[in-house]
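Below is the structure I would like to discuss, written out as structure tokens.
For clarity, chains are labelled A, B and C in written order, and residue numbers in each chain start from 1.
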Amino acid sequence: MEYVSPEGLRLDGRRPMEMRQIRAEIGAVSKADGSAIFEMGNTKVIAAVYGPREVQNKSQQINSHALVRCEYSMANFSTGDRMRKSKGDRRSTEISLVIRQTMEACIMTHLLPRSQIDIYVQVLQADGGTRSACINAATLALADAGIPMRDLVTSCSAGYLNSTPLLDLNYVEDSAGGPDVTLGILPKLDKVTLLQMDSKLPIDILENVMQLAIEGCKAIANYIREILLENTKQLEYRRGV
Amino acid sequence: MEYSSDGRIKRGNHAAKMYIIIIIKCLKTLAFTGMVGLSLGERHFIQGGIAQDLRSDGRKRLTYRPLSVETGVIPQVNGSARVRIGATDVIASVKAELGKPSLLQPDKGKVSLYMDCSSTADPAFEGRGGEELAAELSNALQNCLLGGKSGAGAGIDLSSLIVVEGKICWNLYIDGLVVSSDGNLLDALGAAIKAALSNTGIPRVQVAAGTLNDEHPEVDVCDDEFLQFDTSGVPVIVTLTKVGRHYIVDATSEEESQMSSAVSISFNRQGHICGITKRGGVGLDPSILLDMISVAKHVSEQVLNKLDSEIASAEAEEES
Amino acid sequence: MAGKSGATPATYSPSLTTSDKKKKPPLFNEDWVRPDGRAFQQCRPAFFRTGAVNAASGSAYAEFGNTKVIVSVFGPRESKKAMMYSDIGRLNCNVSFTTFATPVRGQGSDHKEYSAMLHKALEGAIILETFPKTTVDVFALVLESSGSELPVIISCASLALADAGIMMYDLVASVSVSCFSKNLVIDPISEEENNQDGSLMITCMPSRYEITQLTVTGEWSTPKINEGMQLCLDACGKLAKIMRSCLKEAASDSQE
């Protein structure tokens, strides 16, 4: 199948290095300590953060650090074919773990000993790149909750189809079976916190694809920073400062 | 008592320490008794407010919080809606799939309701924690919206879902998701389902000529022609929550934690009851129950009008 | 069941106070008779017996026509270690069907739903404060199902709880009615349940005159609900008398 037309356009009309439209909104769940909605094209996720709070299960308490937990779940209507999956299947357990580890790396857990931070991400619409969207939403929600972080982690995926590196794969491109690199970076510190890849890719091309993903992450980071600034301005305005 | 910067007691005798330990113990038991973990003072405040017809958020006993409807929020399904009542936020989606009617009822389609409580709404819903509530909500909604066994009082006319009798019908899958919960989930889900159904377009189906009598008739699903549902018969659900001697509509989760029992009654446009379910174990006097039914009937008319106008404006906004 | 032959099943039916309200059946229903030949407001013969299971702290067997249910109660016994401390007792209900309960093998109704309903119906009647930190398990088994299982399970479970000596405010009796256009039919059998326009089930504590659980499906007008509720409450009162006499009989037997 042809994923990039001779004119250099992808199936949804994007250029190879073009990202889908992103949109973010802070404060979607009013009861949570922090929450955010993040959209990348047709992919839409909600993240809610509860904590830092008392550790619920005392045996899990860590005396020197905060305990970070994460749960990823997909809504029944999130995919094209309606499916009913129970929570805690293999895929969602794996993604929960990935998100947890990525977020744990940027939260300054040593400042919040003996406490617990819960991150819940709910996928409302899945169209490829849910992993990245979840991490971006979780970053925003953590920032909204006022949890100290080293930097804003952002994530973006990139692939390699028809000998062309492609940024931000959608579902059709993702299921093509080609290499799919999901990258998470700390943009200010210029550090990689998450790198996953399926399938095979020559090393020199991986470099290109990764560079593309890094560019995507940085673009998202800029957007997230803007949203946060706007949100802070709003808060300031409401307080009458 | 004085505290040093690291939170330990600097001065103060043994009795003071004991006092603190007792306070901590009290707090812990409080956290176990009420799900929301309210103090005695807060509980009295809520109960007293309800008794005086002035609730903590300034509402009267029979006033709803502001309700907002947004339709067409999920693009990949046939119909969807998001309903917000105060801080409660739910999404409902309707997906139609072609299937085979059951042998017992060859002239009817099928409607299945599945509710889900997202852990974003409450950390207690994590893992399998939300399943119990989800099952209770699904059952209650099934009771209130789908009518009796023969189909009387159903919000959805099941025989309208038939394509070829005994062979092909539409199966409607209604999924609900609680995104944020601040009480009154059942009313919100009921409203969201009603809105999602009015947003639903079922593709027109043409049965290929000559195959009508075959075992598996060939059908042609149009992609651009949609049939709308008649949702005027879909009832609304009104939940009356009894706190102390009084009952209130649209309880927040703080108020729900103080309830003795709650009765959810669904009404349709004609003012007929389409289903009742009761939550909470405490018994109710039959006369009070009848009183609640008549009050709920009155409230349901307002809710129905409000919801219909919200749905209409949401649809108009989506089209523009 | 042993001992069944000796006892003549007691029949009960609600008083006809509501009969003046009862509308004339419409023409197409004029000569309609119920499949088992009962009058519209006549219940099936009810039979109760306590002490059906020796190993349990309390148990009861109930038979309403062909609906046969056995309920055993275990406890109060220590709650599972994983459960948090609670200063009131816990109630755990489970309803299951035998594979031969229904005409088609292994096609019982939704047990989870029934279990939840049984729990909701009983929790208001049991004085849970009397057994903190412990759990009472109520296991119901439907031996044969032929309509109105849930009301039978609930009534039988409250009898089993009484037999186990669990403190209760009152016995819980439960009755359902089916609605067929204008007619109300009490204690429906499965054939009627499958064709009903609507159903109403009430579980109540007759001596306290309190409703602990209520479910209504289908379309009802307010006067119709009134009528149905009166009918059910009346029948519940009568049913409770039969349950009470069963308990008394068991007590006097054990004294002898």
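Of note:
Just so we're on the same page, contacts are C-beta pairs under 8 Å (C-beta built on N, C-alpha and C of every residue); 3 or more make two chains touch, one makes a residue touch a chain.
Going by UniProt, the chains are A = Exosome complex component RRP41 homolog; B = Ribosomal RNA-processing protein 42.
From a predicted model like this one, the values you see are computed outputs, not experimental measurements.
Among all pairs of chains, B-C has the largest number of C-beta pairs in contact. Comparing each chain's Cα centroid with the centroid of every protein Cα atom identifies chain B as the most central. For the pair chain B and chain C, the distance between C-alpha centroids works out to 28 Å.
Centre-to-centre separation of chain A and chain C, using mean CA positions: 53 Å. Among the residues of chain B, none is found touching two or more other chains.
On chain C, the positions that touch chain B within their shared complex are 84-87, 112-113, 116, 120, 122-125, 179, 193-199, 204-205, 208-222, 225-226, 229, 233. Those residues of chain B that touch chain C in the shared complex are 29, 32-33, 132, 135-136, 139, 143, 146-150, 152-153, 261, 263, 268, 271-286, 289-290, 293-294, 297.
Listing the residues of chain A that touch chain B in their complex gives 28-32, 35, 42, 46-48, 50, 56, 71, 73, 75-77, 79-80, 82, 84, 87-88, 118, 120-122, 124-125. For chain B in complex with chain A, the residues that touch the partner chain are 74-77, 80, 87, 89, 91, 93, 95, 97, 114, 116, 118-123, 126-128, 173, 175, 177, 179-182.
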